[in-house]
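We just call them A, B, C and D in the order they show up, numbering each chain from 1.
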Amino acid sequence: MDKKVLIIGGGPAGIETAYSLALQDVKVVMIEKDANVCGNIQNWEKLFPDFKDAEEVRKILSQKLNHPNIEVITNTEIKNLYPQGNLWFAKNDDERIFEANAALLATGFEVFDAKRKEELGYGIYDNVITSADFEKMYKSRKILTAEGRVPQRIAFLNCVGSRDEKVGNHYCSRVCCINAVKQAIEFKELVPDAKAYCFYMDMRMAGQFYEELYRKSQEKYGVTYIRGRTSEAAVTRDNRIQIKAEDTLSALPMKMTVDLLVLMVGIEASAGTTLLSEQNDVLGLYGFAKPLGLYSEDNMTTKPGLFLAGTCKRPLTLPETLADARSAATDIIKYLKTTK
Amino acid sequence: MKNWGFKISKPRVLDFDTANLDAYNRLIEKVPSAHRCLMCGACTATCTANLHTTFNFRNCHLMFRRGQFEGLAEELDKCMLCGKCKLVCPRGVNTRAIIYNLRIVLSDLNYKKIEL
Amino acid sequence: MNTIKKHFWNEYQKEIANDNYYYERSCIRQSFFPGSETAFLKILRDELGKKIIDDQHQHTCTGIGYHSDIVQFDTTMTICARLFSLMSDNELKNFVPSCVTSFGVFTEVVETWNQFPEELEKTRKFLREATGREFKIPENIAHPSDIIYKYRKELKQKMKYQLVNHKTGKPLRVVEHTGCHYGKIFSHHAVGGAEFPQVLAGMIEEWGGEVIDYPERRHCCGFGFRQYLVMANRGYSVANTKKKFESMEEYKPDFVLTNCPGCTMFMDRWQYTIAEMEGKTYDDNGMGIPVLTYEELAGLLLGYNPWDLGLQVHQVQSESLLDKIGIAYDPADKFIGKSGKFIGIPEKPEILKVDYDG
Amino acid sequence: MNFHPFILPFSLGAIVLFAIIIYKYVSWIKKLDRKQKYFVNKNMFTFKTIQATGEVIREALIHRNIYKKNPVLGYMHMSLAFGWFLLIVVGKTESSFYAGTFFEEPWLAIFFRYFAREPHEYFMATQFTFIMDFLLLVVLSGVLLAIIKRMRSKFMGMKKATKHSTFDRIALSALWWIFPLRLLAESTTAAITGNGGFLTGSLGNLMSGLPVQALELPLWWAYSTVLFAFFVALPFSRYMHIPTEVILIFLRKWGATAGEQYSGLSDIQINACSRCGICIDACQLNFAADINNVQSVYFIRDTRYHNLTDDIANNCLLCGRCTEACPVGIETTLIRQQMRNKAEIPGKHYYDYADVPDCNSKPEVVYFAGCMSHLTPSIIISMKKIFDAAGVKYWFMDEEKGLCCGRPMRQQGFVQQSKDLISKNMRMIHSSGAKVLVTSCPICYKSFRDEYVLEIPVLHHTEYIEKLIDSGKLELKNSGKSIVYHDPCELGRGCNVYDAPRAVLKEIGELRTSELEKENSLCCGGSLSNSVIDLATQTKIRDHGLEVLTASKPDILATACPLCKKSLVHGNKVIVKDIAEIVAVNIVNKKQPKKVQTAKNMNEFEVSYK
């Protein structure tokens, strides 16, 4: 097919769509703002719920980009995306213009900036980290406090930046609960004698094997789950973190001093997602892009030729993102075939 | 009155058929956001009064919602209305207004005698 | 009762011996409801023409002590064994314990021996060492209510009255309460099992009444052994009775029918306690709901004199019920004993209303 | 005797009016609380009374304050009030000259032209006629403006005009008719008798074609009747503010202020409200959240007519913008606090559970972070850094076991609870023996200043930091960042601290101004005092405020209140920092060893506060 598609964002969604399109003889230009492709999973070491090496997934995804129909342009951040006639144009800061028959937003998500929840002390206390920081630490298989000690007690706080009207995010980020279970297990494998606690509002274990992993974390690893939202963290004399929550099931306020506090940061729309959606009138709630419909039109937008894939629409897990990307490819091909 | 040496034990069951569940509607009229509470306990966790005594706002709210008023007014007296709880609520519930209005509704319900 | 329930309880049937019973009396019934056991013997012998031995050598089964954690099970088994040996002395095989607690204890003991033969041997040894006696395990253990249930149709033929309001012609509304130890320990030893005990319901329905199915029907009467016996727990005991009565109140039962000494006792007497403590009764007239044993009921319908059946020693007076059924009685005879002497009038309660002036 | 029955309605109305006013004056003064009475007695026979008289002339007659805020509105008020006042004074003088005695019939001045039918030869008759006509013209111009204002309030530069009650309508309609009727009545008489001036005489000439003989009496009757209607409606309408404002000005000059309980002064203040509606325009609930039935004017009206609802009493941010804007100077927020929640139990100790620690060390400074600051730990950490850098020995009073300052309870109307907390906190503060109390929370600060009886001065941390800079204990570097400062309500309007935070910010960055500053600054929306509005409304108020504050696109939005910080941060629009935080990262390390403060230094410190 003599058609070209512009894919903005070189994360899993972008790569998977690009490859699916390339297989159908569509020319693809994939533009990534960073130096490397693969997006957020670059920061992840292992994936839930099967502890697969993220590296493996990255390798598979990167290889897909070797397809001759795919052109990858990195270090280029698109600031302007607009249609003209039947064509789509994208511009970066240097006024470099890309042109194609259709465009796909695969601009993905950013993790919530935990500094906005000041009461939890991220960026203020040394021993408060985010789930993303944990993942980086885990690459070296060393989870240590700022002082270099092995934590004897660690707490994971769920719903940081998700389900929180105060920061304007009413939605559930879907991935943090199971991620906390995964990280708690990883930690317990490294430090079997330590205590791991997980504070939750609801444990949402809706994916396949999630419930099993949750159960395993309790049964095999002795992770303790406490139903209560932590609302305050303070530092102690020895630089540990004292957190306050209510153990709602015993209806008692509680406090706990931990060596390391991990904030399970939620998913937020990336700046690029919000910017480009707004330019094209497809901005939905919370800065995410808005698909045409929830069912068969989930990859389309009100703009003909503009498609969406992955977490630029809403929080999704990695398998969901990849499936969504392939479904976007189908819609794009259908569009390319019916338009001149 | 005879001294029986014992009293009929109060049932500990939450009886939704006989409990006064309507009083909660009066609170909702004043503070519609109370509906949104998901009982996460963040309010109780941050409570200033909890530095000195056990005061569980979430549980007070829940007990009121369930029509269990006994001892509630005395419990609510522990609150200093400082409003920290309102700031940490993830559901944007006006916790402070709940306490303030609970005091009024409870005193209307005669669970608290006003001595003057 | 709907068909599903009916189908369900029919799975729970038990074998009830036809004749030649050994009667084991209850410890407490003879003082609390003295007419009941006599009436039972009379019904069996006179109305049904059965043989039943009322042995003067018998004794407790230890039930109250056992369920209050005072008597050990080994002791209980040995004492029950002695009762069985008494039965054997009379060359009988069908054991009939008057009390539901005893029924539970005997069933449990026999079941234990079936499951653990070494326990049986141990018990034989204990009994032998203590008394030099030997015993046989009864072939059939049936509660007297089982026997009345079995012959409910035959008795109906002889009855003068029916469980019908003789003025309106409508069936009387009856709460039945089977003792917990009748069916809840071994449901296959109960007619209708634990969930749908049919033993009393069957009598009521056969004799013209209507059984009330209310939410707390299966709830304990409140006795609970140590719950009542230890005063610190007594509030809990009465609270359970209160719960039951609160639940049945709106059905406006005409009376309560029971088969267990404790249940009869507590459902009757706690009504007085609740009335005196809280000023509350569960009928419309402030007199309480009469509580009858199945023997008393059978006797009444057969036309026995209510005062011979001992209804005057109940806390809740039953004249209103007698009037409903249309049973003739002489109020003047109420407190005249069997010997013809005046037996005295009980003290009048402050709140619960009664027919007499004490 | 100059008499005609048409003077009767006027005379009756005047008698009723004066009787009611005197009755009200007496009952209000009786109801003043002890403190207010003390000030009245103390200052009644001082120079302050003369000052107050001057103010009465400036405010009640000339309406200088309204004039300053809105010249057209000011002129309208002045022409009506001062014009009418002069009409009475000059008219009385004229009628006295005419009658030849000061004790002529009291109504003569009012209906003078009717009775003085022939062009009499009294002292300066022509001049008087001219002046009276001129004054009438001035008043009529005011009436015209008032009518235009009612029809089109935007014309007067006001976005919202107050909605009126029945008495208001009667009084208002009467007021509109008084002077046109007087003009017509005098003109008809002038047409008949020729006693008119340049206005009435000219109009009389124009009317010569009409049956003036038949019109004359009905017009005088109508004039008298509308006067009656106005006088009788006045005490029950918003025009009661005219006689009440006078007494309020005197009381205020004598030093009386609204206390914690509703008193005679509160009565006077709510009666002094003219319902001009300026407070509606000042209210953020109105212009940022479109709630326009709860503002002070409605609150005061409902309080006055005893139909105040909880929803109105509680639906207020207590930001104080309306108090600042009120031309009459009514203490709107304080009265609102007085009217909130009456269900309290005097004499009960609510917080007996509180096990407050005494101070064991001997600090120079007591630091009270405040409840909210515990949710902004960065402020606390910054303050600790600042204390350490300045070498100040401090005691962090509410680090472990703090109590609320008591102000939130007070704002909600629970005075007794508030007092209980105050006494406990005071004990703690005094146990330290420190020389100064520093707090990070403006709400606490306001409480410490106004409701506590402290033996030591209290400073907000911005003021304290300024002192540290001035005394050379703290050296800061300029970060070069552009900063806009948001005035917290309680610190700015509440405590008049506007300059210290700005002085500090000038040291560490480029301070930019925003459209609404200082007295006019906006509430961040995070106010605790409003227990009615929900988060969505607060968000609207916050977002509107952020819009104004970040118009100049500063690097940092600075504030000095944990609550404001929390509220503004959640807007996620700009970097929001407390001043303490910005200061803490810009401290120049002097590398001097921490030295213990000498007594001499402390004394200097003390002097500079007092």
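We adopt the following convention: a residue touches a chain if its C-beta (ideal position, glycine included) is under 8 Å from a C-beta of that chain, and two chains touch if they have at least 3 such contacts.
Please read all numbers here as calculations on a predicted model, not as lab measurements.
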Starting at chain A, find the fewest moves between touching chains needed to arrive at chain B. 1
Chain with Cα centroid nearest the overall Cα mean is chain B
Across the interfaces A-D and B-D, which one involves more C-beta pairs in contact? B-D
Return the chain whose centre of C-alpha atoms lies at maximal distance from the corresponding centre of chain A. C
Chain centre separation (chain A, chain D; CA means) in Å: 52
Could you give the separation in Å between the centres of chain B and chain D, each centre being the mean of its C-alpha atoms? 37
Provide the C-alpha centroid distance between chain A and chain C, rounded to the nearest whole angstrom. 70
Please compute the C-alpha centroid of chain B, do the same for chain C, then give the distance between them in whole Å. 47
Residues within chain B bordering two or more other chains: 46, 87-88, 92
Per-residue multi-chain contacts in chain C, two or more chains: none
For chain A, which residues are shared contacts with two or more other chains? 119, 165-166, 232
Output every touching chain pair, sorted by label. A-B, A-D, B-C, B-D
Under the definition above, what is the set of chain A residues touching chain B in their complex? 119, 159, 163-166, 201-202, 227-232, 244-248, 251-254
In the complex, chain D residues that touch chain A: 374-378, 381, 535, 539, 565-566, 569-570, 572
Interface residues, chain C side, partner chain B - complex: 231-232, 234-236, 238-239, 242-243, 273-274, 276-278
The residues of chain B that touch chain C in their complex are 2, 4-11
Which stretch or stretches of chain B touch chain A in the complex? 38-47, 50, 54-56, 58-59, 87-92
